[in-house]
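Think of it as A, B, C, D, E and F in the order they're written, each chain with its own count starting at 1.
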Amino acid sequence: MIEGLNEYVQKSSTVWIREDGKDIKVKDWIIPVWEEQREDWDAVILGVPLSRSSISASAASEFPKAFRKAWELFTTYYFDEHVDFRDYKVGDLGDVKMHYTNILQCHDNIEHAMQHIQHNYPNSFYVSIGGDHSITAPLVRSIQSNNENKSIGIVQLDTHLDLRDLSQGPTNGTPIRQLVEGNVVKGENVYNIGLHGFYNAPSLIEAAHKHKVNMISLKQLRKKGIASVIHDVMEQLSNKVDIVYLTVDMDVLDITYAPGVPASTPGGMRTDELFDILFEMGKYPIVRAMDFVCIDPNRDNQVQSTVKATTYAFLTALASRYIHKMKK
Amino acid sequence: MIEGLNEYVQKSSTVWIREDGKDIKVKDWIIPVWEEQREDWDAVILGVPLSRSSISASAASEFPKAFRKAWELFTTYYFDEHVDFRDYKVGDLGDVKMHYTNILQCHDNIEHAMQHIQHNYPNSFYVSIGGDHSITAPLVRSIQSNNENKSIGIVQLDTHLDLRDLSQGPTNGTPIRQLVEGNVVKGENVYNIGLHGFYNAPSLIEAAHKHKVNMISLKQLRKKGIASVIHDVMEQLSNKVDIVYLTVDMDVLDITYAPGVPASTPGGMRTDELFDILFEMGKYPIVRAMDFVCIDPNRDNQVQSTVKATTYAFLTALASRYIHKMKK
Amino acid sequence: MIEGLNEYVQKSSTVWIREDGKDIKVKDWIIPVWEEQREDWDAVILGVPLSRSSISASAASEFPKAFRKAWELFTTYYFDEHVDFRDYKVGDLGDVKMHYTNILQCHDNIEHAMQHIQHNYPNSFYVSIGGDHSITAPLVRSIQSNNENKSIGIVQLDTHLDLRDLSQGPTNGTPIRQLVEGNVVKGENVYNIGLHGFYNAPSLIEAAHKHKVNMISLKQLRKKGIASVIHDVMEQLSNKVDIVYLTVDMDVLDITYAPGVPASTPGGMRTDELFDILFEMGKYPIVRAMDFVCIDPNRDNQVQSTVKATTYAFLTALASRYIHKMKK
Amino acid sequence: MIEGLNEYVQKSSTVWIREDGKDIKVKDWIIPVWEEQREDWDAVILGVPLSRSSISASAASEFPKAFRKAWELFTTYYFDEHVDFRDYKVGDLGDVKMHYTNILQCHDNIEHAMQHIQHNYPNSFYVSIGGDHSITAPLVRSIQSNNENKSIGIVQLDTHLDLRDLSQGPTNGTPIRQLVEGNVVKGENVYNIGLHGFYNAPSLIEAAHKHKVNMISLKQLRKKGIASVIHDVMEQLSNKVDIVYLTVDMDVLDITYAPGVPASTPGGMRTDELFDILFEMGKYPIVRAMDFVCIDPNRDNQVQSTVKATTYAFLTALASRYIHKMKK
Amino acid sequence: MIEGLNEYVQKSSTVWIREDGKDIKVKDWIIPVWEEQREDWDAVILGVPLSRSSISASAASEFPKAFRKAWELFTTYYFDEHVDFRDYKVGDLGDVKMHYTNILQCHDNIEHAMQHIQHNYPNSFYVSIGGDHSITAPLVRSIQSNNENKSIGIVQLDTHLDLRDLSQGPTNGTPIRQLVEGNVVKGENVYNIGLHGFYNAPSLIEAAHKHKVNMISLKQLRKKGIASVIHDVMEQLSNKVDIVYLTVDMDVLDITYAPGVPASTPGGMRTDELFDILFEMGKYPIVRAMDFVCIDPNRDNQVQSTVKATTYAFLTALASRYIHKMKK
Amino acid sequence: MIEGLNEYVQKSSTVWIREDGKDIKVKDWIIPVWEEQREDWDAVILGVPLSRSSISASAASEFPKAFRKAWELFTTYYFDEHVDFRDYKVGDLGDVKMHYTNILQCHDNIEHAMQHIQHNYPNSFYVSIGGDHSITAPLVRSIQSNNENKSIGIVQLDTHLDLRDLSQGPTNGTPIRQLVEGNVVKGENVYNIGLHGFYNAPSLIEAAHKHKVNMISLKQLRKKGIASVIHDVMEQLSNKVDIVYLTVDMDVLDITYAPGVPASTPGGMRTDELFDILFEMGKYPIVRAMDFVCIDPNRDNQVQSTVKATTYAFLTALASRYIHKMKK
C-alpha cells in the first residue's frame, strides 16, 4: 500500500487475504493450489458448478461460490473434540469449467478434471462441491477408471434413491442407476442411508431391489444408533470393496434445517445427526472421496442456514479425518 | 390434441391429468368423486375453506387449494413401512360452499355437507381440510346426529384447549366448548395432547377441569412415549365411546417446524413426533374422521414447509390405516 | 356431484371450471384447444417451459404454470378502452415437451411444435410464453420456414442486444445473433427498443453495428414518445418485411417493477410504458407472433408483481388487437 | 421514576410518551381524546379494525395498529409547503369494537360509533382508518342520517367500482352498491377516480352506467392533469351536494408502490400522484370525512412501504386542510 | 371515553391497557415501576438497548421494544407445571439511556443504572434485556461493587467464549475477558455451557485455559443430561461463590431455532433444551440476576420465532423461580 | 494451474481475476492501487465501512463489500451516450480501518486516510463509499485542510437536512451541522436537493435558515427540470467556491426504489431522476469528490435493487466525467 496510508486503510474485502498469526479462519486455511505448490495435500476441493442437469430448476451451480464465502465464518478449532486441525493441508482446485448448453460435455469435463486431479494428487482426499447430484456419476467413473483393479462402494446420504432410468439423460435423479448399470459400482455395494416418507416411487424401489442396493431408513438409523449403523456399513464395505465414495445429497435433511435444498422434505434428518454421521465416517481411510450436492443458495433463507450447515458438515468430516489420522 | 402436435406438445399444467402406469403421484391417486362413481371409498376428503371465523386474521381458507397443489410432490409408496398404499381408495369431495359474511351459515353448510357425505359414503373415513378450528364443531355435530345412539370421543392435538366461551360466537377458540356444552361430546371423552407453555389462560384450565377434559402435556407425552400414550388413550376411549374423531390443530407444532400456522409457538411438537402419533392412531378403526386445521399458506415460508408437513402427516395417517386394514 | 350435496359443496379449486354467465375471468375465456375444436382461434398460446438454456440459473421454466394461474385475477373487460374483448377467441395449446438434458432437442421440439401449430391454425396470432430468450430463435425460424417467400422483421423490447456469439451454444444471450447470422432475419429488420445503462459489452455493440441492428434507447423512446417511435418503427418495417415478430424480454423493465426477472436492472422501463408500447403494437396486423420471456416466478416477490405485470401486458396486447380488428 | 435512576433510565418504549419542546413527532401531536378533553378537534381519527368482511382473506384489521406505530417516523412539518401544521388539532378516538363472528353487528357498531362521534364533535373532520372497504357503507350511512336534509357525494380513489350485488352480504366489494341502492348517495354524485386495466367485470360496468356513477380512468387523470380533474370534480359536486365523503381504497396504487394491499395491481397510480390528489382535495371544506382502507400490514414488504405511504397520504390530506384553512 | 361512545369504541391499541379480571396476559402482569410504587418486586426488568458495540452490525438495540410487544401473546399460566405465577411481582424499569456515539458512556450508564436499581430494589431478581453481550460486563461489575465482600460466579449459555482481548474496546466478544481480567469474577467461577463447532479460535481456548474458565460442550450436556449438568454446576458454584449471574447469549441456539440472532450457527441447542436449562436454574435462589442478549428482531424471520422463543425462555425462568419459592 | 488441468478447471470465483480482451466488466476495470502503481488515477475509490455512528441501527458498514461484488454485473460501455469509458482510470484504495468501539477514532481514521490519499493522488476524483452519512464531515474537513486557501461548497442529495445538534456526538444526522458550525463550509454554499414530506423537524428548518443553507425541494426540482436546476446551482457555486463536494444520501430515493436504505421514504426521488442529476453533475470539473452513503445491503430486498441502483448511479457519474473530459 501507499506510504503513510497503511496505517488507516486496509485492502478491500473482495481480495483474498491470508492472515498470519495465531488464529486463522477457514478462508485462510484452505489455499488455492495455484498459490502454494505441493503434492501432499491432505485434501483437495473441487467446485462443480453444474445444475442445468437438475430435473427441477435449481441454482445449485451457485453453491461453490456461496460455500467459499462462508469460509470466513469458521475457525480451524473443532470444539467438540478439542482439536485444531490447521495442520491438515487442504488445497482449493478451483471450479470445473462448464458449457452453457452441452450438458454431456459438462459431465465429461468433470470426469476429466477428476482424472487429472488424481494424477496430480494421488494420495489426497477428494472433496467435490456441487452442483446437483448428476455430478456424482462422472466423479465416481473417474475414480474407477483411475483404479482399474479396485472395486468401489458408495455410502449415500439421501432422501431419494436416484435410480431413475436414463430416458431423459443423466440428471440429478439418475447417478446411482448410471453407476450400477454402467458396471462402475455394484448395487450391493451401495448403501443409501436416510430414506423415508413418500418420495420414492415403486419403480425405483423395484430397481433398488433388482440391483440389491442397500436401503437404511432414517427410522432404522435412529433406532439402531448412528455409530452402530455406520460401523456395520463400513465393516461390510471394507470386506467387499477397496475404495468408498461418500455422497451427501443435502436433501437428506429435514426441510426445516435445509430450506435451501429444492428437494428437502419434512420428516428428514436433523443437522446434528448428519454431523454425527460425518464424524463417524471420518474414521475410515478407505473413504477416498466425498461430495456435497443439491444446495441452492438462492433458495436458502435470509440467514443462509443451509449454506452454513453444509460448511459445518464439510468441516466435521475433515476434522474427523485429521483426528483419526493423528491417532495412528 | 391436434394431429402431429402431440409429439411435441403436452397439456398445460393447470389441467388435471391422471397419469397411468407404474408410478403415480398423490395427485393422480386421489380422485374427484364426480369423475369416478363409487360408494366404497376408503376415505373421502372435504375442503373446508373457512377462516373468517378465526379470532386473529388468517388465510387458512386458502389451505385446501395449497394442500391439493402439494399432492404432486408425493408418491403412494411409504418408505418407512415399505408399502404402496395406492389400493386405498380416496375420493376428493371438493370444497364446502361458503358465504362471504354470514359465518353461521358457513358452519351450517359444513354440517349439512358432512350429513350428505355420511349418507352417501357410510363406511368411509372422513377427512376434512380446514380452514380454522371452528369447523370441528359442526363436523362433529354432524357425525353425532348421524349416529344417534352412539357416543363420540375426541383426540385433539393442540397447543390450546379451545374452550373459550361463546360470547363472541363460534370461533377457532371455541369448538371443544361448543361440543361439550352442547352435549355432543362429554368432556371426559376429550383427550387433548400436546399442551405446553404459556398459551392457555387460567379460565380455560378451569373450564377443562370442570368438564373433565383430559389434558396430556407435550412433556408427559415425551416422558411416557408416543406409542404408550396413544395406546392408553385409545384403550380408555374404546371403553367409553363408539366413535373417535381426531382433530389436528397444526399449532401443536413448534413454530420452527410450522411457521405457516398463525398460532404456532416455541416449545411445541416436532414434525417427526406428529407423524409418529398419526401412525399410531391409524391402528384404530374406531377413529372414523379426522381434520387438519389452522394452516395459513400465505403465512408459510417461501419453501412452504408447513403445507408440505401437513400433507406428510395426512399421508402417514392414511398409509397407517391401509397397513392396519391389510393386516386383518 | 352427489345428490343433495351440490347445495353445500363445490368442485375443488384445482379443477378447471368454466363459469358461464355474464362475467368471466381470463381463466374461463382462454380455452384448451383439446376441449373446444375450432380452427379460427384469433390467438393461440403456447407454453415453452425451457430455461436450462439460460446463462445464469433461472426457473423461467416455471413461468407458463404461474402465468396460467394468474388468469383467475383478470376479467375480459379492458377499462382503459371501455371494451369487453371476450369475443376474441383464444386457445391454449399446452406446453412444448422438453428433454431434461438435451437442450438442442428442446429447441427442435419448439420449432416443430410451432410448425404444426401454423399448419393447424394458419390465421391465428401466435403467442409463446417462455422460458428464457433462447426460445425466440427456433420460434422465428419456424415461422420463416413456414413462410418461405416472405421476409420477417423483429421488434425486440429488451435491455440487452442478445447478440452473443455461439461458442457456448444457443442460450438466452444469442437468439438475435442466431437469427441474423442464420439468415432468418436481416439485422436491419431488427428493432431493439429499451436499451440503456451498462449492460451491453462493446463487442455486442460492434456486432449490432456490423449487422445494422436498429437500436433505440429508453431515453430516445421517452424523448420522442412511445406512439411516435412505434409508428416510425412499424412504418419502416412495413416497407421492408411481410411479417413482424414481437419479442418481449421482460428484463426491459426496471428492477423495481420486475424483481422476478433475473436480469432486470435499475434504469429500466416502467410497466405503464410497456403497456403503452404493447397497445400501440396491437394496431399492426403485420405482427403475427409474440413472446414473453425470462420471467422467473420463484424469484418474484411475495405478491408476484412480475407475474401479474406480464399477464397485464399480454392482455393489453390482445385487447388492442381486438379493438383494432373491430375498427375495420 | 425512582430517585437517582432518572438520569440513566427512561420509560420503556411501549408506553405513550408525549415529548414537549420544539420538535414533535406525529405520535406526540395526535392525542387520545380520553387524555385531552376538547370539543373543537380539527380532525378526529377512528380505527375500524374489521376485515373478516373482505372477500379474499385479509389482515387489514391489523392496520390501525400499524398505522399508529408509523406515527413515530413523521414530524408535523410539511416541507413541500414549508408549513408546520401542529396547530391543527387531531384527536385519536380509539378503535371501533368488533364482534368476532357477527359481521353485521360490526357494521352496526361502526355506524353507531360514527353517530356518537358526530354528536360529540360536530365540526371536526372525520378520518376513519380501515379495515376493508366494507366499512365505508356504514360510515356514510351514519353521516347521512346525521345530516337528514343534506345530500352527500363521494370521491372514490379505487381500481374497482365496488358495485357488486349483495347476494353475499356487505363485503369490501359492495359499499358503493349499498349506498346507491340504499338511496344514501345518488350514483351521479359518486366520482370514481383511478380505474384501469382488467379488474372490473362487465356487470359492474353496467351497474355503474345504470346508476350513473362517474368513472374517471387513470389514463384520463394523467392526460388532463390532477389539479384540473380534481377541480372539475369538486366544482360539479359543489353544485350538487352539501357534503363530500372521500374514500381512498389503497388498491388504487400500483402493486409496486403498494405491495401490502391484497388487491393492488400493475398499471395503478404512483404514490406521488395520490399525494397530489389528496393535497388538492384539502382545498375543499365541503369534504367532511375521509377513510383509508384495504391495507394489510402483514402482507406488506419488510420495510413496510405501504404502511408508510398511507401515513404520508394521510398527513398530506391534513396538512393541506390546515394550509387552506389558514389562508382564509 | 366520551358518553355513549364507550359502548362501541375502545382505546386504541398502542395505549397501555391493564385488563382486570380472571385472565391476564403477560403485558398486563408486568407493571411499569412508575405506575405502581413498591419495593418488593420479585423481579425487575431493565431494557438495555445497546448494540453499536457489536462487532458485526446488529439491531439488537431494537430487542427490548420487540420483547415487550411479544408480551401480549403469553398468559401467566405455565401449563407444563400447572401453575399460575401471576403472584410473582414483576416491575418494568424502562430502558437505560444510551448515547449515540460514546459507547463507553453507554456502558457507564448501564453500570450506574444497575447500581441505583440494586439500591432501590435490594431483594429483587434483576433481569436485563439486551442489547448485545457487551452489556454483561457493566451489569456484573455493578453487582460486584454493590456486594463488596461477596464473590460472583457466572453461568453462561453461549456458543462463544467471549474472551477476546480488549484492543478494540469492550464489544460483544469481550465481556468475560473484561470481568476475569478486571478481577470481578474469577475464571474458575465461570461456567460456559453450550460450546460446539468451529466458532472459537485457538487463542480464545488458550485464554479460557489460562483463566480456568469451565467449558461444557453441547455434546457433553446432552450426554450427561441437563438436570445433572445444571445440578453439578450449581453445586460447585454454591461452594465457591455467594452470587450467581446467569447470562444467556441466544446465539447458543441452533440457527434453525434462532434465525434472528446474527451469530447463531448450525449445530446449536434446541429451544426445548434451553427452556429445560432455565427451568433447572430457577431452583437456585443464589442466582440473583440474568440477562438475554444478542437478539436482533430486524433479522428475525417473518413470524418472529426468535423473539417469541426468548420470551418463552424468560417466562420459564421466572415461573420456575416462583414455583421453587412457593415450595419453601 | 496444474499441467493438463487447465483445460477443465478454472480458478475459483472468490479470487480476483482480471480478464483481458475486448469486453471487460467493471470488476476488471477498477484496479486495486496495490496491484498497479500509478499516480494519475482519474478517480480513486475509498471504502468507508462505518455505521455504528448511525442513529438507528444500520449495516451500512457492509455496503463497500456489497458494492464491489456488484461490479461483476456491469460493463464499461454506457449505452445512453454510446461511449466506452474504460480509458478513465479508476483505482480501488481499499477500506478505511475502523475501531469497534471508538467512533471518534473511526472519524479520525477517515480524515487521515483522505489526507494521505490527496497527497498521493493530488489530481484524482475522490469517491467515498459509506457507511453512514457521518463520514461526510471528516471527508470534507480533510479536503478543506488540504486546500487551505480554497473554499468548498456542497451539493447534497438528501431527504434530510442533516443539521442536528451535536449533543449526541457526530452521527449520520449531523454532518452538515458539523461542517457549517466548524467553519469548514459556509451554509450558503450548501445546496440540499430532494427535500420533501414530513421528515425534517422545525428546529432543523430553523437551523437551515439561520445558516442560509439552500433548500431545493423535490417538487421544485421536478417543476423546473433537472438540467436547469443543476445548471443554476453549479453556476452559483462556481462563483462562490473553488471546490464542490457532492454527497449522495441514498435516502433521497423513494422507498420503492431504495428499500435497502433504512431512512428511505415514500414521496422520494425515482432512480432515473438521480441518474440524470449525476450525469449533469459530471459536466463540472469543480466537483472534486463524491460520496454515496446510507445503503444497508442486509436490509435490501432479495434482488438487491438498492445495491445495484447505487452502482448504476456511481457509473453514471464517472461515465459523465469521462465524456465531458473527452469533449475538451
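In this section, contacts are C-beta pairs under 8 Å (C-beta built on N, C-alpha and C of every residue); 3 or more make two chains touch, one makes a residue touch a chain.
Note that the structure is a prediction, hence the values are computed from the model and not measured.
> Going by the stated contact rule, which chains contact chain A and chain D alike?
Where chain A and chain D share a partner, that partner set is B, C, E, F.
> In contact with chain D and with chain F at once: which chains are those? Just list them.
Touching chain D and chain F alike, sorted by label: C, E.
> So which of D-E, D-F or A-F is the twin of C-F, meaning more than half of its contact pairs are the same residue numbers?
D-F
> Can you name the chain that lies farthest from chain E, using the mean of each chain's Cα atoms as its centre?
Relative to chain E, the chain with the farthest C-alpha centre is C.
> Looking at chain pairs A-F and B-D, which one is connected by more C-beta pairs in contact?
Between B-D and A-F, contacts are more numerous in A-F.
> Where the centre means the average of the CA atoms, what chain is farthest from chain D?
A
> How many angstrom lie between the centres of chain A and chain C, each centre taken as the mean Cα position?
Those two chain centres are 41 Å apart.
> Suppose each chain is reduced to the average of its Cα coordinates; what separation in Å results between chain B and chain C?
Inter-chain centre distance comes to 43 Å.
> Would you please write down the residue numbers of chain C that are in contact with two or more other chains?
256, 299, 301
> All pairs of touching chains?
A-B, A-C, A-E, A-F, B-C, B-D, B-E, C-D, C-F, D-E, D-F, E-F
> Enumerate the contact residues on chain A facing chain F in the complex.
1-5, 7-16, 32-34, 46-47, 64-65, 68-69, 92-97, 109-110, 112-113, 116-117, 119-120
> If you look only at chain A, which of its residues touch chain C in the complex?
51-53, 55, 57-62, 99-104, 168-171, 296, 298-299
> In their complex, what parts of chain D are in touch with chain C?
Residues 195-205, 217-219, 254-256, 259, 264-267, 299, 301 of chain D touch chain C in their complex.
> Would you pull the chain B residues touching chain A in the complex into a rising list?
22-24, 26, 74-80, 82, 84, 256-257, 271-272, 275, 301-303, 305, 308-309, 312, 315, 319
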